[in-house]
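Before anything else, here's the structure in question.
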């Protein structure tokens, strides 16, 4: 069993603000990330898949297929966008890096079997570095 | 003569759009950076100062003073902000990294002598990495 | 379930020397790290916590609280110090990165519930990079 | 229980080409990595071992011994070589990073007990970064 | 005046061997880089251009044009190739990083005015990192 | 003309304290770096040399010779040492990174012509990163 990880980057902006909470509570909770006009990051997203070696090719994941899937589902729609304004799901939930990881995981899982119809490889993990000091990970099997 | 460089980071958002040019020309010119809702970066700013060694202290620059100046003039006002909406000078010029470097250089030069009243150290260079692949530098003596 | 990791740095000095072993055995065992006057590192410490998403805030860990805890228990006492001379526990055990990880883990666990009184988040892992080529990890649940 | 990881680098060249498949299939499968004259990488290899603390030394792994083993079995034979032409096992299997990880794992496991005769430390994991965006991991206990 | 730098990467293989020198002299001179089957690197190439700000666009270099030029002249022909076998000029000179920098500089200078017909921006500098520890720079105006 | 840069690392400890100044002035001046027991860093030292291409070898600097010189004059004596206690010149001057750069430059200049007896290459620049955020450079021709 191998874990194959590809690292991608995109630049986007966001504002952390929970509409059901008051202004002061939002400021306390999110600090500078609650500034009214938003700010942005160079997000680094690592997508890990897991699978056995294909004996003929010597590979566990066809990374060209994975790159295409991630580009279509994540890099194109999220790249150079304002997450709050342009991504539907962030109209319902605050675009924290946790929720961003969940959203990326959902998008990849929904479209995974169309790209990888066999039993393997499987999506294993999403890791987002909002900055080099601030890192968020989820396992795909813990997200429905 | 020494060059002393301090590296700082801040996260901000911007949109590249020149109001005097048409919509199509803006799209051609700035590509994805012209997306209407803006996007963002973790900006890495390196500030270089130049000066001789102080024989008593063995230092060329009092970096605590430099840090304080950069925090007050750059990191606090620019950090977690939308450059287009919240920084006055970017209402007149497009917040490209080139113009950001000019603005940072202006702010440090205007306030330099209040912090460093002697002949040395002098502000030498501003270097901005918008991403690790995209780097902009100006020399302070080429900016009025 | 999310893993949230924060990366911190501090500079400190240490000397690897086990008093119960002879001079020659110490030299063989620790090599250059046994030099009598000590040496130092820019330690990079990653603290990982684990927890479910808070639906209201979209976050798994209040990172401001975590930062405060780590600063108080680790960065302030260890930063710019000599680990052998200034940290009590390293009078009893050699300040290897393994023991440093144990000490950091103890300090965070002892003070965790005062900062995070709920069931979650929990401290999961401490990772120390003594240099970029030399990395040590422990899981918090393997340390009493 | 500690995980101790050492990071090593070597430069080598390879060509991805499965002799049992046709020319076109090889091109489709490996893309640019199938170019007839080969290409190369600065491979970054991380070797992780796992073990309890030795109370006398405060260490979980004698890293000098590990370094020597990795140098002899991996860095010397693979460094500055053409993997296809100079490493026997890559005459039978394609030198993908997956197979490279397997080969490194085999070499370390075969020679492990001569260097570390006790119950601990054990080889845990091999991680290869072909480039910073392309990462492969295997667990030693999943390889016979 | 601004310096704008773009960072690019490509993977290639090479062998250092000067045909006019004997086998032993080649071994002494190039060490492991003289191994008969060659080896490879992830080359990091930084291309710096220099120019004044365009007041309308707020930019000193149209980086989309620069990227296109570098892709066509450098990344496509050199990427995933064997420099000795596939690049004509390295049949006459040894593909050291110094000669690689000269070759890249020649290719960009020859095609520069077709892409940037005005007085500015000008090609300023080529910087090649063969590894993170091994860096080579030339100024474009020192190369005919 | 080429600039060839080699990056080296060593771990050492130091304390910033100017004996001719009072305790309070030392604390104000050096902050945490004045802590009585010292602290340490993973110093990254870049040594740049400058020279023309040797047409036969395709190289501007024999880097094996440079590595040997730097190892003998810098890495061996400074590595894993306490700069204040073990390096003579730091009994007379405070071991700031500025003075460390001067000391390294002196040592390389004094021994340069024994290793590189010709007109070229020449030592050009020493760059020390005490941490990734704190960088010091001197030009060799500005040091006697």
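By written order: A, B, C, D, E and F. Residues from 1 in each chain.
Methods note: a contact is a pair of C-beta atoms (placed from the backbone, for glycine too) under 8 Å apart; a residue touches a chain by one contact, two chains touch by 3 or more.
A quick note: this is a predicted structure, and the numbers were derived from the prediction, not measured.
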item	value
Centroid comparison with chain F (C-alpha atoms), farthest chain	A
Equivalent interface positions on chain E and chain F, same or different at half	different
Rounded Å distance between chain A and chain D, as computed from the means of their C-alpha atoms	29
Whole-Å gap between the CA centroids of chain D and chain F	35
Where chain B touches two or more other chains at once, by residue number	none
Chains that touch, pairwise	A-B, A-C, A-D, B-E, B-F, C-D, C-F, D-E, E-F
Residues on chain C engaged by chain A in the complex (per definition of touch)	1-8, 46, 53, 56-60, 62-64
Touch list for chain B against partner chain A, complex	9, 11-14, 32-33, 35, 37-42, 79-82, 85-86, 131
In the complex with chain A, residue positions of chain D that touch it	16, 18, 20-21, 29, 31, 93-96, 98-99, 101-102, 132-139, 142
